[in-house]
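Here come two complexes built around chain A, the first alongside chain B, the second alongside chain C.
Right after this comes the complex of A and B.
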């Protein structure tokens, strides 16, 4: 950067980088022949699904692979280092030299803000450590500088934060601390590995804005690793697409995202739900996946019959007591759900959207009777469930089935999938003979698009997407009329997610299933739902048809949620800074109950919480 | 202040534990034989009247609950009374307790000094040759009875090569063999614990972050990882203290170490009820106190556990 020629040669040249794990013939090549250039003050996004090798590439640059058991098998990484005063191949540096580069000239932010900070040291001490190491600052100077950078990432009360411990901070705040810590030595390269994946969408918007803003101020080059095409489109100048450890396509962000050449990139982009893509339509629509087994038209969009609801929820209230004090009396309550009311009709998908802590999962669990309500009524096909004796209530559990977010944790690893699938049917006495069970398992597997002869396999033999299909098959075993899908597609890669969403819609069309689709992902909601309910702090603040809520959002929170979703529109950068502030907590002192919201009709079937003025 | 409340709770707990332990010991020892008969076993001309007089003198003619209440009364007023045969119990314990504590601290110290570096080394070289050797040695250590190891040390280092004294208390060198015996037995389990805990913390994200900051490996391991692993290690050491006391009793006997263990065993042999009750009570209070200290140390190590 000192002369003009330097700024023309890229800051970092990666050529034919290969990484292997393990030794000998069993060695796995997890990065295979990756090349890219990173220029000054540019952002390169490395995009790919899980297992594509994108994170490993970034760890290779920092020379941290050996701690994971990997090693660089070939290629070079040329970096213009000021500290070492020469252009170096990062792979050839001694550990001592590497340590001068790490955290100083190349810094990194990791995906999980909740575990990235050491729980036993204060924020000030963790930031000061870096500053003392690379800049030789004294304790008080390091503190001062740390505070400056905490201010820079717009953390309120930076001075007090220096003496706080990580557990006293929310996830969004921790990620800001990580950014401040990574940038405090003014690195030439910032590597951000899925920095917002674990965060709520409104918090994600804030974090992305901070990274963009500071990059412009400090003229840092950024390597941004992500699976989210929307985020990439908002952040990147250049894009490298990776799949199964190999580079697939590279180029400018506009070129790659608007006119993808490689078939894989095209597929990936087709699977990305784009918010706004459904404008003007009234019914849900399948993803158009190239090469999929059925065409979108084969699933007819039937209008929903709204004469008789499957499920009616009325004034459902769920609270959790928090005890404290000498006699461990209830001092606070978490108001997880406050007077929530809605209906679901046969063959309809109602999406329950909101951010963490909004109470959406609590509502789902209460409907499944995994959680007892404080008050409220639930009618299933007109029958009041909560007033029934406990034994009769149990029988209704089979009518609703739950699909959880984590397909790895929700199948018993020691049971064959056949046994897992048939278990609910056995519990509820729907299957009596062995032959019947076998037929039923085969039938269920075929329904979710898996071969019938996989019944004898164990869960670890399936991929994440296949496991989620198995969970759906298990939910179908009792012929339920309602399936509660709690973030059921959130943990899946985007191409797999599109397939599972399509499967859900297809099953709905075939069997007239109703779904309560609980999620934070507005873009998926737009695809799958007939109606949408937005939850905020335990209350529904807006409910209406998908078209009403998406095309004419009324409540400020709905608007905020929609505007925070990253838009896949390459070349267009959001300029307006997102709203600041954390998501407030639903915990309140006893006696300090939240004011109940009243929903006001704005049009037919579209209700919005009245604003307290 | 919640910390004081916490200590109060635990002190109450300690009282209950002491009551339960002493009651059990007092009952059990009375089932094993009559001290009056034991005392007079050697002489042949003992009449029934003599025995009754002895029992009266020792207070054994009173019902059990009265004897036990007497003992409790003494405990509350810090007056441990007299042994049946050996005079003031307080005097006996004032010699035995410090020597046991010295031995306990020395063996715990030896174990920590060996197991922490070895455990960390094994964790860092997981699956390597040194890791495997450490694991095998720890298994070997686990399978030794402590008295056997003690006797082997005596045979080797006091008799075959007379470097260290086999017994006694007079010189510091006498401490080495008993402390080494218990220390090595404790190390066998501790090294495995340190290894497992370090493996867990070393794979935590914040350790990778610390490395990405450019910190030296030393700082990553000893500053960032070890302090997090320490929470579980300290818990275990606290629980281990009970076992340590059990081990001490046997090893003290092997090395003729004038500690609480030796004192307890002598008291059992002579059916010296007051002395036995006193030693057991003090050992029980010690174990409870160590566990209380461990709970308080948590707060120092981990800010998340600090009472808010």
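Right after this comes the complex of A and C.
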């Protein structure tokens, strides 16, 4: 099929590429001396943490830097173009020539499926536009071709989808539409920039499978940009590791991931939580980060005392009304949490896992009283909270603290971090004088591993990981007994994530804190939790100790969730069958209540929802 | 530990841009505003006649001809410069007081409606819609016809009809800010509502508010002139920039200076305030400050 000469010379040859932003002495070099070859029908993964320049490299290839104010300062990008009929340096092309190459020979999939489709056009017309432009197809031909490609990405009912608008599709479906759009001109190179980062794990597994499948069929070369080592190990043939705009290490996927040479790669790989690495252990374990100041053994793993729970949740139900019709009557309800019950004991981490829409955050917000429940009881150290008058209930906000997902959004940008940290303590009257406040701030900063003299800085002067430390410090200000961490480490880079997870575990050991750890990331859960509760459509379908749930999953959804997690096992392509279908929505018509599940004990402390026969 | 934070490209670009403009904005804004304010405040000392001394012998004399009337005279021979300086009293008072009044009223209502939502919110916003649909001039004519003309009434009328735009702007910001995680976090650790509103929401809603305020001052100076033109504003004998503009209208072909100089005065005021507003907005935002 391909002649031998073509497969010998690489399709894309990037040499010593440098990109700068700004000009004059203040110019910032964002990509510095990157070189790689992309051969036919191969996948090159560019991995690195945020700010490493991996996305900018891909934008440079597409000639999209001008829109961002960047320019190529040096190096060349040689590409064998069929449309232009010659080997070209992508940097030297005119805007007109670039347009012919873009989308036609080099296509791109972006990270955010929610915003990369234009909401005012139907799927059919957006795909038709690309086809008409590059292939000169007529309207009806373009439509037919679009439908073929929607079939290829296994979207059910492709014909009807052509007339749908983006908002009618779920995130996973939109990303499949994006892939279909990118591939419909049969490009030689597909650039996928974090294509599954915004998606749930089971959907991620579907998308990765589709990309692999289509690549084999269409013999496309793929540049796969990701921060997720598991995904990279499943997708890539070759790997290029980048850090702070410089290339660190390059080579075959097996070589780089199994026997990393550069210290940075080793560090990065040590920080990646590997699912299954905790098999046989019962207690949480710190990440072993090379060069960290303490040995993991110094944090004693105390057994949890299960005599008196900190928090008891009983039959908690939260629903959101959806109004419709002329009289805006309640027509549907979202059953966000349905008869959820669990206990958390002192010094214990309970992980609440599930995919988007499973109601896990709703449960957390209800416990923090950011959301009112429909029914149910919550006892804190034995005291029933929901039955108390409103004012007394508020006092309990001191006892539980919430850490949010987005470290950039959860600190007021106009306050110094010192002011932000001390605010909860001031509200609850825990500090009274200025000097006391100053000491407390310094104390909190030191506790989370930040220099005490940073109190006068503003949030934007800190990195994402540091900001999440600040949020944790703020949560500690009132000496709470329970911290609810809502996807608290999901937005962080792996190495930072490992540090923050370690920090949480150390604080737990030092202060006997309890955590409700809400997340979708099974690999992190395996590290940090004592017990795990799996939520699906607002109900807990399985709950038990971490070992019970991970080593002996009983519910089909738990199994599905665990099998979808990308495994860091370079060179081995996953053999799991692709999971089909979408995650159903928890919205139901009034009167159509979900059947409550009954939990059945499998072994001591391990409960599983009974299957409807 | 002190790793370089945030995106270096964006901040460097911004810093480069900011360093050049911020200084200029500040210096020009402060100079213009101070000079104009001083002139207006000391108008009585500078031109004790109040700009209403009639000198029919020197009527319609051209500008830049004599030291006596550097900017020329109007059809009654009154000195244009003296009238501009004195007119600034009324124009600036009306412009500033009406804008400040509306910003306070509108912000309080907007904060309340946006934060608490509920029936009050829908009532206030429907009322705002009705208010916006009423033509201001019509309202002004009706009200002035009943209570009689006067500067104080004009100011109150402007406040009554202009708080709406602030309320809507603030309400919009509040609606998005109250969903932000730092506000949620403040709720979660039990901060009282009024503290959340004033220490977390308001400071973050200030940017657009300041810009609207500076534009509004300018608009109200012009509005005052149209009301004066219709005879609804200040006593025609007292000079005001708007009044001068309308007086000069019939002479624009032959004596351009009667209209052009008060026009320039309005322009400089507006420009000064806008520059000052821009600078203030950036100064209040820690993000734009360099480290």
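Keep in mind that, in the parts below, the second predicted complex is superposed on the first by the 610 of 613 C-alpha atoms of A that agree within 3 Å, B and C clash if a C-alpha of one lies under 4 Å from a C-alpha of the other, contacts with A are read in each partner's own complex, and residues count from 1 in each chain.
Criterion: a residue touches a chain if its C-beta (ideal position, glycine included) is under 8 Å from a C-beta of that chain, and two chains touch if they have at least 3 such contacts.
None of these values were measured; they are calculated from a predicted model.
In the superposition on chain A, A:434 contacts neither chain B nor chain C.
When both complexes are overlaid on chain A, the residue A:112 reaches chain B alone and has no touch with chain C. When the shared chain is aligned, chain C comes close enough to touch A:21, but chain B does not. Counting the residues of chain A that each partner touches, chain B and chain C differ, and the larger count belongs to C. After overlaying the two complexes on the shared chain, residue contacts for A:404 are found with chain C alone; chain B is out of touch.
Contact with chain C, but none with chain B, is seen for A:458 once the two complexes are overlaid on the shared chain. Considering their complex, residues 21-22, 24, 26-28, 30, 51, 69-70, 368-370, 394-395, 397-398, 401-402, 404-406, 409-415, 420, 423-424, 427-428, 449-451, 458, 460-463, 466, 471, 474-475, 477-478 of chain A touch chain C. For chain B in complex with chain A, the touching residues are 5, 204-206, 208-217, 219, 224, 227-228, 301-304.
Here chain C touches chain A in the complex through residues 1-3, 5-9, 12-13, 15-16, 180-182, 184-192, 195, 199-200, 203-204, 284-287, 291, going by the rule given at the top.
By the touch rule above, chain A contacts chain B in their complex via residues 62, 64, 67, 95, 98-104, 107-108, 110, 112, 115-121, 129-130, 133-134, 165, 167, 178, 181, 326.
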